[in-house]
Each structure stands twice: as structure tokens, then as C-alpha cells.
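What follows is a pair of complexes built around chain A, which joins chain B in one and chain C in the other.
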Partner chain A sequence: MNRIKQLAINEEGFVFDPLTGDSFTVNQTGLFILQKLKEGKETEQIVKELTEEFEVSQEEAERDLIDFVEKLRSYRLL
Partner chain B sequence: MKKIYQKPVITKLQTGFMNKFGSSPLYARKVRTDIDGVPISELVEKFGSPLFVISEKQLREKYRQIYSAFTNRYPNVQFGWSYKTNYLKAVCAVLHQEGAIAEVVSEFEYEKARNMGIEGKDIIFNGPHKTINALKRAALEGAKIHIDHFDEITDLEHIADEIGKQIKVAIRINMDTGIHPQWDRFGFNLETGQALDAVKRIASGGKLVLNGLHCHIGTFILEPEAYGKEVEKMVKFAYEIEDNFGFKIEYLDIGGGFPSKNRLKGTYLPPDVAVPPVEEFAEKITDSLYSNLRPGDFPKLILETGRAIVDEAGYLITTVFASKRLPDGRKAYIADAGVNLLFTAFWYKFNIEIDREVQGSNEPSVIYGPLCMNIDIIDEGTMLPPLKRGTRLIFSPVGAYNNTQWMQFIEYRPNVVMVMEDQTVEIIREKEDLSDIERRERLPDRLKIK
Partner chain C sequence: MELKIAVSGINAVDNPGPGIGVAKSLTEAEDFSAQIIGLAYDAMEPGIYMDWIIKKSFIMPYPSGGHDAFINRLIYIKDNYGLDFVMSVLDAELPVLIKYADELEKNGIKTFLPTYQQFKLRAKDRLEEIAQSIGIDIPKSAVVSSYDELIKAVEKIGLPVMVKGAFYKAYRAYTTQEAISYYNKIVAQWGYPIIVQQVVSGEEMNVVAVGDGEGNSLGMVGIKKMWITELGKIWTGVTIKNEKMLTAAQKFIEKYGWRGAFELECIVDTKEDRVYLIEINPRFPAWSYFSTGVGVNIAANIIRKAFDLPVKQYADYPAGKLYVRFTDDLVTDMDRFQKVITRGES
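== the complex of A and B ==
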């Protein structure tokens, strides 16, 4: 079960996990990725959208996405 | 137009978080783009990374500030540069130019000082392991020999016989000044009467002439009053010796130990708050001198300040080589320098500066060095924004004890440069290569790979 779908995320980057009561803050890029994950998008697609939306190379976006996902796992959000 | 990119960051909001890391996740990191006007990028381009950088300007300024704190308060002051703190020639040369004599603690350091062109009479020879050879040379060259134990008294008496003249000596004493741990393994203890026994022994031998007292109460001492106590006890003991044994105590060497503006691990106060200014130490020391010395008596006051003079003049530029995510969610960076170069990382939490503005909020991060060893950690918990490979991190203060205690373990030691007062940059220790490390090795013929 993808817990991301249950997260309450607001426009300012405030994230609330109703299951645990934990709250988080994300920056603009983090928010962008969380929304894509919530929509159920795959890694490749998200990387592509990141490079379209932001001034970033595919390599860097890919690397950062992996890192971000690992971080989400460490918070048990994935 | 595309939006400006920031690395994605998510941070858990926790109570107690601020206390644990001492700063908020949004707190901007300090940026350093140059050292004394020389750009970090230029330094690394020319001399590589990692790179030790020592500022001549800051070294001289610090020396002058500490020296004048004492000369403004007392008429007879001499500084001895504590070689072990940093014995790179260029560092010693700057401090000798400023007027410091040499303070050495081994035969190696004695040779180093002589090789620098320092005369024996301008060398203070401390330490528990002075070989007979070194002692004899020091005696012949008129060095200030500070005796550490009874065996050394015997050694010196033999040497006095051999060279056919009396040798001037001082003794090192240790005492309770309220500082813990008490450094009681060097010299003769005052409170137990051991120090007095040493004086008696020297007097009865008749071959040595006692003319000074030495003491070093510890290092990174944050309590100025400890020096007040040290000086009081030294002066009283000096008069006891003069009154009962006929020796004239010409100088009191109160050692080193003043703290630098560094942060000891486990302390949360920034150094600017935790570390008293040197003037406060000078005030306690000279107050104690004036309240205990007899009128008109101004024995020479010698100081062997090390760390406080050189620490803040030293920087280490490192480069982020890689990053990873730890299982507990913390970010980890692998820098190209670790505890191999930063021995003092074991007790200091360094000031960390980044060579550029970095977008993104800070997250709990660990900085590892390049060694394949679990203990190779430069910082086990600091707040850093997401850093790209190739970002430079500048660690400071690192001028004290690293260029002497660094180790050659699986990596070469890098260039050390000095940014001179006119902003030119000189290599003061060239980076090592394989030949430096293998020069002393011998491979038996029969083991050679054919």
C-alpha cells in the first residue's frame, strides 16, 4: 500500500501523515515529487517532468530523486 | 522559462530538534569564497584538494595580540613557540620572526629547531624522554633544560662530569590548580613534597644549578583562575628555593594551554561565548604575579602558548566526493579528507563553511572522510543543505596539532600552503608521492617479484 496517497499535503510544503501524526516540511522540488508520487507516476516519468519544469540535468534529477525516495523510505512514507 | 532547481528536501518536524542540532533547519550555512582575499576556487585549482591553508596574516596578528596582552601588563615576558603544535618550518619561522624562542619536547624537535637556525640558548627543552645524546648536546649548547624526573637529574650529573662544568637547569613541577584531569605525570609534584625533594637532590649533587621553574597545567583550559593559582604556587615555591638553597630562580615558565576559538565536542555554546578572551588570562596571571612577587622582583615570565596562537590561522579545504543516504535517513557526505589529516576531529566540532550559496533547506548530515575505517568521521551530526559532488567544504580552525599529528594511512598527505601577507601563495609543504613513503623501505632480494 502506497502511503503517499494518504498524506495531506498543502501548497506551502507542509505534509501531514494521518497514520502516525508526524508532520514534515518539503521544499518546492520535494513538493513537486511528492505530488507526482501521489499520482502514482514512475521514476522515469518524474525525472522527465522534473527536467521539463526545472533548470536541471537528467543525471542530477535522477540522482536526487533516488536520494529523495530513500529519504521517504527512512521516514516510512513509502 | 524553467524554474530554478533546488535539490528536493523533506524534513520531519520534531520537538527537541532545535536543541539537538543547535540550529534550525532553515538556518543558512556560512559561505566562504576566499581566505585572506585569495579565492577558494583558485587555491584548489592551483594546489589541489584537500588543501591545508595557513594565513600568515592571521598567525602574526594572533601572536601579537596574545604577546601584547602580557607585555602590556608585565615588564619581562618571553614566548617560546611550542613546536609540537605546528612545526612546519614556515610557521616556526614566522613566529621566530615575531620574537618567540623555541620550545621542544624531543630530540627530533631539538634538531628541528637547531636546523631552523635557532641557537641552543634560545631553546627550551621539555619532555620526559630526552636521550643522553640530546641532553648532552643541549647542555653543551646552553639550552634551557627542564628536568622531568629523578633519572634525568642523574643523567645530567653524569654529563656535567663528562663536560667538566656545571649545567644550568630548571625543573618541571605539577600541582593542583583545580583543573581536571590534573596533569600529574610530568615533572615533580608540588603538594606531595616531591618537587622539594628534587631541589634538595640537585643542591646536594652540586653539579647542576637550578635557575628556573616550569609547569604546564593542561590544554584548552577555559578557566583563567587556574593560571592565577598556578602562578601563586610557582612564585611561593621559587622563594622557598631561593631562601633555603641559594639558587636564584631567574624565570617562571607557566607553559601553554590557552584555548583557541574552537568548539569542544559536547559543548553547545559557540566558542565566542565559551572561550574567555586571552586578556582575561593575562589579567589573572599578572595580578597573581604582582600579589605574590616581592617588590622590585620581576623574574622572566615565559609562556609556551601553542594552540591559541596557530589554530585559527589554519583551514582545511576539502571536496565533497560522494553522498549517500544512511538507513536512519540522515544524509552522509564523503569528503576527500578525514581523520587522517584532521586528528583534532576526535575532540573538536569544527566550523564548516561552504564555498558557494546552496539552495535548499538544511538537513541532518554526517561528514565522513575517505578512510576504510569506521572511526573516520569529521562531523557526526551537522545541518547542511543538499550538496552537489565537487562542493568545497572549508573546515576551521585546524592550525594546531593537525600538521604534526596527521597520519599517512592509505592516502597521501596533501599540499600545505601559506597565504602570505601580500596575498601571494607559497607551498610550505609539498604533497607527498609514493617515493616519500617508500624511501625508507627495503625489500629483501629474495622477496622481489621477478
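== the complex of A and C ==
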């Protein structure tokens, strides 16, 4: 179940899950990824945009994205 | 339309009754003008002194006094001050009010209550059947009245267990010895029977809703308690939209034709997508003003329904709204207190 689309995300990285009432804070990169996932973008596209937005290599962006997505899975948000 | 509405549970103390929240909700309705009458059981109930919400208060005899005491007191209020509606928010008042609702109606006092059959659904031994019929789960539980039954139940359910009174108190026991100790504690204070229940993982979420008695909802809001007091009472909460829990509340209204306000107390395990029904309260919870604060004034809708005014359709509410309770204090003259003590009314 993809619950990302239901999340309320503010510009400062405060994230509220209306299903569970849980709230999280994410850093700038996390916020960027969440917004892209919410827009329904695929992994490859997000990696590309991460390398454009931040000064990171493709490998580093991929690794960070996989880590973050796993974390979202552990919270059952993906 | 001007209405004199009596509200009980105005004991706004550390374990607050629901009355003040309900009274505030009623006074905020724009399509009728509610003048609130407080029904108190003690001259110290803070609502008596909160004259910006409650214009006049009366000391009530305990509902266990039955018809002669309780109902006659309401009729006295009607005759001497005026009374159009009784909004009961306390469990203990419901049986007598349900029983004599017709007599009150004949005397020009309306109520909007569940039937006696519906009221009995709140009994803990009915929860399993209700949970099943509205598509949610219930923790394994057993009703016990002796050490022997208690020990057997603990063995069957497996530690840890919740040890609960029929209406009040609940403790988590990690050992059989602890379970026995809590059993004794609850029996000494509240009597038999005792309920032994499986501990389920998840978070406490609640729904406040009102049914119109014809299978329709007159408003519904789901919340999660974020911070509770030592007595387990909400201090901070947030509105949530757990569809499974809200659907269960909707089904409860449809299936049982529930009339009046109620609260479903649930434990929600979002990882396993399970909702466990813990308790049904046949009345407003103490936090019901939260619902009004997010635009769903269900207390006002009860009045609209009872007086054939157009009910408001509250289809939705925002998730992520925060509820914060706070303490306050006031200073007043002794006059009001003396008046309440000597005359039984403010």
C-alpha cells in the first residue's frame, strides 16, 4: 500500500501521516525525495534529479535513495 | 430558536466530565440559541461557576434514586426555570433517562438517547459480537470472578495481560502474581467481574460520532491521543483518518440503528492493518469539543435532529488538527457557592 500520496508535508520537512497520526521530520534531501515520490516519479528519475539538485554522484544518490525508501518501507509508508 | 438545554458532566476537573465541551459546542451553533443549564452532583463542580458558558446550575439527586428523585427534579427545573432538552453525558444517568424519556417528552422535555437495547450493547460481554459484525477485531478476553478462573484465563491468553474492571480501571500485568494483585485491587474498589484481556500492539485511536436512530451518521471524527494524563485522559491529540476505524463506526450506526452520541475506543495496529475494539461508550467523550473545533458540531446536530431543524451534513473534516487541553482558574464570591449549597441551584 502506497501511503506517500496521503502524507501532509510542509516546506520545512514536517511530515504528518493522517492514517496513523504519526509525525516525522526529514532533512532537505528527504523532503526532496518525498516530494518526488508523491509526484509518482520513478527511482531512476529521482536519482537523476538528486544529482542535478545536490552535488552528489549518481552512485551516492542511488545509495541514499535506496536507504531512504527502505526506511519508508519500514514505516509501512511504501 | 431559543432553547434551554440542560447538560450534565460539568465537573471540569483532572478527570473531566464531557459536559463543558458539549456546552461550548451547543453555544457555538449559529442556527439556534442555546442557553445552557448545568446539572451538577456536587456544589464544587467547576461548571457551576463558569457563567460565561453555563447560565444556571441545579444540583441533581443521584440517578440511582430513580424516577421520583431524578425525573421529578428535571420536571421541577422545567416548571420553575424552563427546560427544553436534556443532553445527558454520563453513563450512570442513561438508564433512568432512557426509561422515562416518554414521560419527559410528555412534560415538554426532549432527549435524544439510545434505546435500552442499544445501551446494553456497551456491555463488555457483547463487544466480540459487535466487533465481528462491523468488520474489526477484539483482543482475546475472558470474564472472571475467582482466582481459579483468573489463573486459567491468564494461562489461556498468555502473558502479559490487561486486568480490567467491568467499567473502570485497567492494569497491565506481566506475571500471574501481578495479575492476582491487580485483580484484588479492582475487586476491592469496584467489585466483580474482572476482565482479563490480551495485550495487543498498536496505538489508541478513538472515534466520536452520533447516529440519528435511523442508520445515518450525524457527524463523525477520528482522533489519536498523543499525550495522556496519569489517569489516562487525553491532554493532546490529533485528528486522523483511519478508514477502517471510521468505516467500523459507520457500520455500527447502520447495523444497530444507534441513536445519540457514542465513542468507539480502539487500538489500531497500522503495521498489520488491524483495528481492535476496546470499548463502546454510549455518550460523548470528554474531548468531544475537538470535533466541534474541526468543524463537526455533532452536539448541535443532535439538537437539530431532535427539534426538526435541518441537520448539517458533515461529510469531511481535516486530518492533522491538534487538540490541546489546558487548565485555568477563576476567582469568584462565596455567594454562588452558598446559594448552591442552601438552595440546590445557582
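Throughout what follows, the second predicted complex is superposed on the first by the 77 of 78 C-alpha atoms of A that agree within 3 Å, B and C clash if a C-alpha of one lies under 4 Å from a C-alpha of the other, contacts with A are read in each partner's own complex, and residues count from 1 in each chain.
The definition used in the following text is that contacts are C-beta pairs under 8 Å (C-beta built on N, C-alpha and C of every residue); 3 or more make two chains touch, one makes a residue touch a chain.
Given the structure is predicted, the values throughout are model-derived calculations rather than measurements.
Of the two partner chains placed around the shared chain by superposition, chain B is the only one that A:V26 touches, whereas chain C remains out of contact.
Taking chain B and chain C in turn and counting the residues of chain A each one touches, the greater count comes from B. Applying the stated contact rule after C-alpha superposition, one finds that A:P18 touches chain C and leaves chain B untouched.
Touch criterion met: A:A8 reaches chain C, while chain B stays clear of it. Touch criterion met: A:V56 reaches chain B, while chain C stays clear of it. Of the two partner chains placed around the shared chain by superposition, chain B is the only one that A:K71 touches, whereas chain C remains out of contact.
Taken together, the two complexes place residues 23 of chain A in contact with chain B and also with chain C.
In the complex of the two chains, the chain A residues touching chain B come out as 15, 22-30, 32-34, 50, 52-56, 60-61, 64-65, 67-68, 70-72, 74-75.
Residues of chain B touching chain A in their complex: 2-13, 25, 323, 325-329, 331, 360-361, 386, 388.
Residues 8, 16, 18-21, 23, 76 of chain A are the ones that touch chain C when the two sit in their complex. Here chain C touches chain A in the complex through residues 203, 205, 223-224, 226, 238-243, 268, 270-271, 319-320, going by the rule given at the top.
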